[in-house]
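Both complexes below contain subunit A, partnered by subunit B and then by subunit C.
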Partner chain A sequence: MIVGLPSDVLAALIFPGIAGILGFLVVAIWAERKLVARVQWRYGPLYVSKPLGGFLQPIADLIKLVFSELVLPRHTNRLLFALTPLLLFVAEAVPVVFIAVAPGLVIFHHSYGLALAVVTWLLIPVFLVGMAWAEADKFTYIGAVREILLTAAYEVPLLLSVLAMFILYGTADPYAVVERQSLWGILLNPLAFLAFYISLAMSTTRFPFEIPEAEPEVVLGPYTEYGSTLFILSFGANYVKMYAGVLLGAVLFLGGWSPFGDLLLGALAVVAKTALLTVPLLLLRAIYPRYRIDQALRLGWSKLLALAVAAVALSAALKAAGVA
Partner chain B sequence: MIVHVKLFAVALKNLFEKPWTVRWPEERRDYGPAPRGFIVNDKSKCISCQLCEAVCPAKAIKFHLEEDGKRYPGIDWGRCILCGYCVDACPTGSLRHTAHLEITWDSLDTYKKPKEMTPGSVAAEVGDKSLV
Partner chain C sequence: MTALLLFLALLFAALAALVYVGYRLAPKKPSEVKERRFEAGNPPYGEVKRRLVAQYVGYIYLVTAAEAVAGLLIVYALLSGGASPGLFAALALSLAVVAAFVAAYLRVLGDIKRWS
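Coming up: the complex of A and B.
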């Protein structure tokens, strides 16, 4: 409607669609490197485009990676080897399809849209494991196993925390969820937010849970064998997953576009809230050491699960008390 | 729980502090008033006693004959560790440290030339504390 396009095409092309994903990739990678550097009293990327604070560095890296040699190992199933990163990248972007970022700005509207987003989000590790399998390498194999174990740790708390919010709002409709938030979800049910956020960090393998691609242990885990474009696709997929996750978080817990009813202002509000949710996730890299897989599993199946169950109980109680 | 809040607080505090990285060559580190820098030789004071050569732990100093018939020290800067033993050993005080610490050359051949030892030839091309 702004540039004469129907709003779903606009959503698919600009925000939260393709331009949003690519923009998030560039900005998040730059911001991560910059923030972590500043926490460690360094400058971070600087020499490419000094006046912009090295903002063009990720783009320079992308160009460099595109032009580096693409190696397809002979002992692998070469079709799957080349195809799975692409599948993974696209699959990571699927949850975005169901999330509304402004009134009318959703790629595909469904009355259970946000539930579908969570379900597609939780289906992704299958592609990652498939990718690791297709690479036929011991490090990718170990990485895949760790990914499966980690998925087992965060899956249930994530589902429960989102379920808590659905109970509270009584709907999974991407529009209705935002309209029902008279008070932001994070204030209504902080337990659910905490469980969701930790699960999100686990799901996107942010730092204390950066176990599948632990560099000193398994090179890059499931991404080990890839170079060039395939590396961008496979490794970028993780950031796409983060994008989908924080979008969902912004809509579920931070009231989405709530102060504004306008398309443009609403979208900008969601962008701001997405950034607000992303920055602590990026900072995690500078703050935490890495858990062992058993520690992460213990956390996932004890404290995190208890937190998520408590969140559901709190939601049920609030619903029964008629707060929401 | 409190531990995690503290961790985040430290990260946020660090985030707004100035980086410690020195962006050389745009920025220079301050080494204080008495750095053991590039060593020069005042030929008018040199008595060619070769004590500096004897004391050098890195065997960086070699003597060479010059046009005036005397032998003068020259330092192989690939070997010199800037320990300052030669300066301390020099009985007449003809050897001395300059403030120049960051010693780099355009070509590998320059660093062995004994002429580098004359005080006048040691001047910084950029800044005032290095020989770039």
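Coming up: the complex of A and C.
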């Protein structure tokens, strides 16, 4: 019991749950715009809450979109058109349920929790493709096909990088995984971290993998037909996936809440490590050009796959040698 | 389980409320053009469905097979506690088969001259 609430309910309501997700959305969107602007010698968001560096700009954008007319195109199944962005957003949040962010702070504890987080993460593209299908538009159709192909590029390397860490830890229990990192996973197996991180960038369609929604080619890909609040949900869902991915990365590779055993300090440590993993993903937008889909597929099945296989081999060797 | 259900229900309810509030409060001025399919400023034409780009289907076959192998290896690794001679043998064999298959067909899959 913490502040009169069971710890799992607290996790559901505050961190990593609903408040954490919404907070991440605001901070990540603001930070991305500011960081990219800084790289490009611009100010970025500034005039809304000037003393805070334009921090409230995403909130202002949210209010503006809420008061924009919600158009439901007549050629679509209107129920599905309105429902699928909600389902997508919730689906993107499901992996968070299984990730512990401090001692006792997890929404649903399961001894295979981190494996379940990965499995639910890999199911998300199904919802995105469903949404694009419900929109019934040429651009959303192309975007959905690109999403499927991009998924084909990163799924196996992602699974192998996670496998490499499960071999080292011998468990997928989030608490046990953190306890067994006397040396952080990133130091034990940097190859697995690299494969995981590149797969994460692909999964969240960060540059240079921003292929399904490439603006100059397919308008906004799977999000083309949406406006108003449905645009917030469909487009914002991608940041929720990033949130789940970096939380998983912090627990698997950066020692989770260690070195703290306290709930509050542990949670703050996870927040700091999550920020550490998020900033480079945001900066990618300012640095890289975009791959073609055939290039992304080739990368996924050549260098990235080789890296992930090498990571598994390294973990097996470390385990056999008794190092981990 | 209570916290899990609470999380999912609250999240869904909050998102649905956001959509409903926007729908009720935002000014409405419907028009025929607004409700058309978006076609980059042009009148909609033809069917949405298109031919699937078939040169990529090989990758889909590949991921379907290799992902199942990776998934089974994860199950094996977790059930064996991450260390057993059987796991290492399964890892070596499975990954060697995947690597050999990919090496044999990647050149064909990546040949953009086969696009047409």
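Just so it is clear, the second predicted complex is superposed on the first by the 322 of 324 C-alpha atoms of A that agree within 3 Å, B and C clash if a C-alpha of one lies under 4 Å from a C-alpha of the other, contacts with A are read in each partner's own complex, and residues count from 1 in each chain.
Simple rule for what comes next: a residue touches a chain if its C-beta (ideal position, glycine included) is under 8 Å from a C-beta of that chain, and two chains touch if they have at least 3 such contacts.
Since the structure is predicted, the reported quantities are computational estimates derived from the model, not experimental observations.
Colleague: Using the overlay on subunit A, decide if subunit B and subunit C clash or can fit next to each other.
Modeller: Subunit B and subunit C fit side by side in the superposed model.
Colleague: Between subunit B (first) and subunit C (second), which does A:Ala11 come into contact with in this model arrangement: first, second, both, or neither?
Modeller: Second partner only, subunit C.
Colleague: Applying the touch criterion given at the start, work out whether A:Val162 contacts subunit B, subunit C, both or neither, answering first, second, both or neither.
Modeller: Second partner only, subunit C.
Colleague: Kindly classify A:Ala286 by the partners it touches after superposition: subunit B alone (first), subunit C alone (second), both, or neither?
Modeller: In the superposed model, A:Ala286 contacts subunit B only, not subunit C.
Colleague: Figure out whether A:Gln40 sits in contact with subunit B (first) or subunit C (second), or with both, or with neither.
Modeller: A:Gln40 contacts subunit B only, not subunit C.
Colleague: Write the angle, vertex at the C-alpha centre of subunit A, between the C-alpha centres of subunit B and subunit C, to the nearest 10 degrees.
Modeller: Once the structures are overlaid on A, subunit A sees subunit B and subunit C at 110 degrees.
Colleague: Counting only touches as set out at the top, which of subunit B and subunit C does A:Val246 meet: first, second, both, neither?
Modeller: Neither subunit B nor subunit C is touched by A:Val246.
Colleague: Going by the contact rule stated at the top, is it subunit B or subunit C that touches a larger number of residues on subunit A?
Modeller: Per-residue touch count on subunit A favours C.
Colleague: Once the two complexes are aligned on their shared chain, state how close subunit B comes to subunit C by Cα atoms, in whole Å.
Modeller: Comparing every C-alpha of subunit B with every C-alpha of subunit C, the smallest gap is 22 Å.
Colleague: Taking the touch rule as given, give the residues of subunit A at its contact with subunit B in the complex, in rising order.
Modeller: Interface residues on subunit A, with respect to subunit B: 35, 37-43, 46, 280, 283, 286-288.
Colleague: Enumerate the contact residues on subunit A facing subunit C in the complex.
Modeller: Residues in contact with subunit C: 6, 8-9, 11-13, 17-18, 21, 65-75, 82, 86, 89-90, 93-94, 97, 107-108, 112, 115, 136-139, 141-142, 145, 148-149, 151-153, 155-156, 159-160, 162-163, 166-172, 219, 224-225, 228-230, 232-233, 293-294, 297-298, 301-302, 305-306, 309, 312-313, 316, 319-320.
Colleague: Can you list the residues on subunit C that touch subunit A in the complex?
Modeller: 1-4, 6-8, 10-12, 14-16, 18-19, 21-23, 25-30, 34-40, 44, 48-50, 52-53, 56, 59-60, 62-63, 66-67, 70-71, 73-74, 77-78, 81-83, 87-88, 91-92, 95, 98-99, 102, 106, 109-110, 112
Colleague: Using the touch rule from the top, collect the residues of subunit B that touch subunit A in their complex.
Modeller: Within the complex, subunit B contacts subunit A at residues 7-8, 10-11, 14-15, 17-21, 23.
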